[in-house]
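Next come two complexes, and both contain chain A; in the first it sits with chain B, in the second with chain C.
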Partner chain A sequence: MSWLIALHAIVLREALRFTRQRGRFIAALVRPLVWLIVFAAGFRAALGLSITPPYETYITYDIYIVPGLCGMIVLFNGMQSSLSLVYDREMGSMRLLLTSPLPRWWLLVCRLIASTVISALQVYTFLGIAAVYGITFPPLGYVAVLPALLIAGLMLGALGLALSSTISQLENFAGVMNFVIFPMFFLSSALYPLWKMAESSELLHDICAVNPFTHAVEMIRFALYAQANLPALGWTLLAGVILLALALWGYDPARGLLRRKG
Partner chain B sequence: MKLLLPLLLLPCAAMAEEIWVTNEKDNTISVIDVATLSVTRTIETGERPRGITFSHDYSRVYICASDSDTVQVMDPETGQILHNLPSGEDPEQFVLHPDDRHLYIANENDAITTVVDTETRTVIAQIDVGIEPEGMAVSPDGQMVITTSETTNMAHWIDTETRQIIANTLVDARPRHAEFAAHGAELWVSAEIGGTVSVFDTGSKAEKAKIGFAIKGVHPDRIQPVGFEFTDDEQTAFVALGPSNHVAVVNAQTYEVEEYILVGRRVWHMAFNSDKSLLFTTNGVSGDVTVIDVASRKPLKTIKVGRFPWGAALRP
Partner chain C sequence: MTGLSVHDLRFNYGPKQALDGVSFDIAPGAFCALLGPNGAGKSTLMALLTRLFTTRHGTIRVAGHDLARDPRLALARIGVVFQQTTLDLDLSVYRNLSYFAALHGISGREAHTRIMEALDRLGMAERAHETARDLNGGHRRRAEIARCLIHRPSVLLLDEPTVGLDAAARRTITDHVHDLARDTGLTVLWATHLSDEVRDTDRLIVLHQGRVLADGLAGPLRGPHPLADYFLSLTGAPA
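Take a look at the complex of A and B:
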C-alpha cells in the first residue's frame, strides 16, 4: 500500500509541477509544432518516392514526421525529467525522497512513471493539434499508441535517469543536450526513413539502426496505424531494461557514480 | 466430386472483380484482384501495350500493342491471344463503339484514325486527322467519335455514319484524353502541356468551360492533366495530373477543383471498380497503381505492378 502512496505522491508532484509551469507545457508543444508547421512544410513534396511499412501508399512529409515528433516530445521530456532530478539533488529534495523507507529502485521507477505519464499527455495534446492541422490517424491508432508511448517514455526516462546520475551540477545539462539529445534525435528515423539515410551513407544508416530512439519512434509510428512492430518493441524494451539497470546502479550509494561525485 | 469441383469454383471465378493494367515497358498486363488489392496474374502481351478495353460481355479484351503495330484480342479467362487485328501503325489508344463491334484506333505515327470491324477483322476506314492522334472517345449514342491530336492541338469530331470529320475544335497544347459527359451533352478534353481540361458543348461544339489546376508546393509545369474518369452520377470527375503525382477531384457541375489526392509518380490513366467506390490510377514512373477510396477521397494503398503502367480497365 505504501508503495502506491509513494507512486501517487510522486506522480502528483510531477503533474502539479508540470501544470503550474504553463510555460513548460507550451514550450513542450511549440517545439514539435515548429517542426511540423515550419520545417515539414518546406519538404511537403519531397517525400513519397518509396513506400515502407506501415504506410501502404504515398504520403506527404508532414504525415511522415508526426510519429518522430511524438518521439521527440517523449525524448525531451525524459531529459527534462532528468534535469529536474539534478535540480532536486542540488536543492536537497532528492535527499528527502531517498530517505523514504521504500526501496530506492521503486522511488526511481515512480519518477519514471510520473515523467512518462506527462509525456503521454503532451503527445496526445500534440496529436490533437496535428488533427486540427489535417493530419489524422485511424481511430484505433490513437488507442494503440498509448502503450507504445508508455514503453518509449520509460526507456527514454531511464536514459535520462542514467545520465542524471552522472551529472553533479545543473550547468552540465547543456552538455547532455548537445551530446545526447541532438545526436539521438537526428540519427534516427524521426526525420527521414532509414532507406533515405542509406542513400547518403551506409554508416549513418547503421548508426541510426542501432539507436534505441529509432526503435522507439518506429514502435510509435506502427502503433499510430494500429500495427505492432515487434522488433522495434523488442529493442525498445531491451534498451529500457539496460538503461534502467544502469540508472539504478548509478543511484546506488554503495557502487554508483553518485558516491564518487560526492 | 471431380464434376462438382469446377462447378463450385466457377461462381467464385466469375465474381472476382479485377482491374487490368497494361505495363508499357514490360510488355505485360498486371491483373489486380479488387477484393484483396493485390496482383494475382501477370500476362504477356505484344510490344508496348497501352490502350486496353473489354468487349461488352467481357469475353474478349482488346490491347493496343503499339510497337507490334497491332491490336491484340485476348481471352481474359486464359490470357491466350486469340488473334491480332489490323490496326494501322503504332496504335496508342482506342475506343469501342457502343455497337460492340467497331474499334476506333488512334495511329500516333500516321496521323490517322483507323476503324476496324472486330468481327470480319478488317480495316473498314482510315480517317486523316491531326498529327500524333491519341485521345479517343465515343458519344453514348454512338453517333460521334472524337480523336484528339497531340501536336495539332485539336479535337476532331468524326461522324460515325459517314466516317468523315465534321468539325475541329482547338484545345490547349497536347491534348491527351477525351470523354463525353453529362449524358453526351458535354465533351471534356485534357491538355497535358496546356495544363487544362476544356469542356465543350456537344451541340454547338463551343467551349463552355476551362478547368485549371494549382497544387501547393508543386511547380505549374509539372501539373499535366492526362486521363480522367467520371463517377456514375457524373457529378464528379477524377483527373490524373501526370508528373505532379496528384489526382484532382473536380466538381463536374461547377467545374471547380475540390481536392488533390497524392498518388504515385507520373499518374496517367485510371479505372473504377464496378460500384465505383474505388479508383485505380496507373503511376508510370513509380511502376505502381494507387487505390483511392472514392467516398473519402483518400488513397488507401499503392500496389506494385510492372514497369510503366499505362492503361487500366475493369473486368467485373
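Take a look at the complex of A and C:
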C-alpha cells in the first residue's frame, strides 16, 4: 500500500511540475508539429512510400511520420526527465527521494512511470492536433497505442536515468543531445522506412535495425493501427530491462554516485 | 538501546581519507552538536548516515536497526534536513509536506493530521498554503524541519541547517530543535561549524580531518574558555 501511495505522490508531483512549466508543454508540441507540417510537406512530393505493413495502401509521407513523431515526443521527454534528475540532484530533492524507506529501485521506477505518464499526455495532445490536420487512425488504434507508449516511455526513461547517473553537470546535457538523442532519432525508422535506408547504405540500415528506438517507433506505429508487432515489442522490452538494470546499478549507493557531488 | 550509534566508521574519496575511525553513541533525547570546520567530514558523515553513500568499514545503528543490514527499517527512523534546501519551491508548504508523507507511505487524513501537527510545532501552521518560494530562508528551514517530523522519527539529522540565515532566524531554529529533543525524546545530531549554536548542556563532538578530537558535554569540555577558543586550540582552525 505504501508503495502505491508513493507512486501516486511522485506522479502527481511530476504532473504538477509539468503543468506549471507551460513553455515546456508548448515546446514539446511545437517540435513534432514543425516536423509534421513543414518537414513532411516538403518531403511529401520527394518521397513515395511503397506499401509495407501495417499499411494496406499507398500512404503519404506525413501519415508515415506521425508514429515516429510520437516516438520523438517520448524520446525527448525521457531525456528531459533525465535532465530534471540532474537538476533535482543538484537541488537536493533527489536526495529526499533516495532517503525514503521504500526500496530504491521502486522509487526510481516511480520516477520513470511519472515521466512516462507525462509523455503519453503529450502524445495524445499531438495526435489530437494531427487529427484536426487530417491525419487519423482507426479508433481502436488510439486505445492500443497507450500500452505501446508506456513501454516505449519506460525504456527511453530508463535510458535517461542510466545517463543521468553518469552525468554530474547540467552542461553535459548538450552532449547527450548531440551524441544520444539526435543519432537515436535519425538512425531509426521514425523519419524513413528501413528499406529506404538500406537503398543508400547497408551499414546505416543495420545500425537502424539494432537501435532500440526503431523498435519503439515500430511498436507505436503498429499499435496505432491496432496491430501487434511482437518482435518490436520484444526488443523494446529487452532494451528496457537492460537499461533499467544499468540505471539501478548507476544509483547503487555502494557505487557512491553522489560521492563525486560531495 | 541508543538513539544513534556509530562505530569505527571509515570512508575515503580515492586516496583522500574523509572519515577515519569515527565512533560515538548518542542517547535518546540528547542534542548532540557535531562541530567541525569546513572539510572536516561532516557532510560525508551525514551522507553515510542517510545511506546516500555506503561503506564497508564500520557500522551505523539507528534506533537499534543496523543501517547496512536493515536499511529500510533504519531509514524509516531517520528525519533529515540537508544543507541545501530540498523543498520544491514552486509547491506550497503543505504540498511539499504531503509529498514527503507519501514517500513514507502516509496519506489521507492521517497525513493531514501529522502535517498540521508538525507545522504547528514549528510555528508554521498559518503558512501551510504559502508557496515555498515566497518564504524567507528561516521559514523555509522551519518547513523542512517540520517535514522531517511527519513520520515520527527517532533520530533527527541536520547538516548545517542555519547556513545563510540571519542571527534571529538562527536562534529561533536552534531553540526549536533543542525544544524538540527535550520534549519529544528525539535524538538530534546537529552538524555545524558555528560554535555559538552549541549550548553548555549539549553533547559536543569535535570532528577534524575525519577524526573525533573531543567528545563530551560542551560546558566541561570548554572549561573557562569560550567554545570558539577551545575549538581553535584543539584544531588550529577557527569555528
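By definition in this document, the second predicted complex is superposed on the first by the 252 of 262 C-alpha atoms of A that agree within 3 Å, B and C clash if a C-alpha of one lies under 4 Å from a C-alpha of the other, contacts with A are read in each partner's own complex, and residues count from 1 in each chain.
Everything below uses one rule, namely that contacts are C-beta pairs under 8 Å (C-beta built on N, C-alpha and C of every residue); 3 or more make two chains touch, one makes a residue touch a chain.
These numbers come from a predicted model, not from an experiment.
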Clash or fit (per the criteria above) of chain B with chain C on chain A: fit
Chain B versus chain C as contact partner of A:180, first or second or both or neither: neither
Touched partner set for A:17, first chain B, second chain C, both or neither: second
For A:242, select first, second, both or neither according to whether it touches chain B, chain C, the two together, or no partner. neither
Have a look at where A:56 lands relative to chain B and chain C in the superposition and call it first, second, both or neither. first
Angle chain B-chain A-chain C between C-alpha centres, in steps of 10 degrees? 170
Chain A: partner with more touched residues, chain B or chain C: C
Check whether A:93 is in contact with chain B, with chain C, with both or with neither, and answer first, second, both or neither. second
Report for A:29: first if it touches chain B alone, second if chain C alone, otherwise both or neither. neither
Looking at A:194, would you say it contacts chain B, chain C, both, or neither? Reply first, second, both or neither. neither
With the two complexes overlaid on chain A, what is the closest approach of chain B to chain C, counting only CA atoms, in Å? 49
Going by the contact rule set out above, which residues of chain A touch chain B in the complex? 44-45, 48-49, 51, 56-60
Residue ranges of chain A in contact with chain C within the complex: 1-3, 5-6, 8-10, 12-13, 16-17, 20, 91-93, 95-103, 107, 253-254, 256, 258-259, 262
Complex contact set, residues of chain B against chain A: 216-218, 245, 262-265, 286, 290-291, 299-302
Spell out the part of chain C that touches chain A in their complex, as residue ranges. 13, 43-44, 47, 50-54, 71-73, 75-76, 78, 80, 82, 84-86, 88, 90-91, 95, 98-100, 102-107
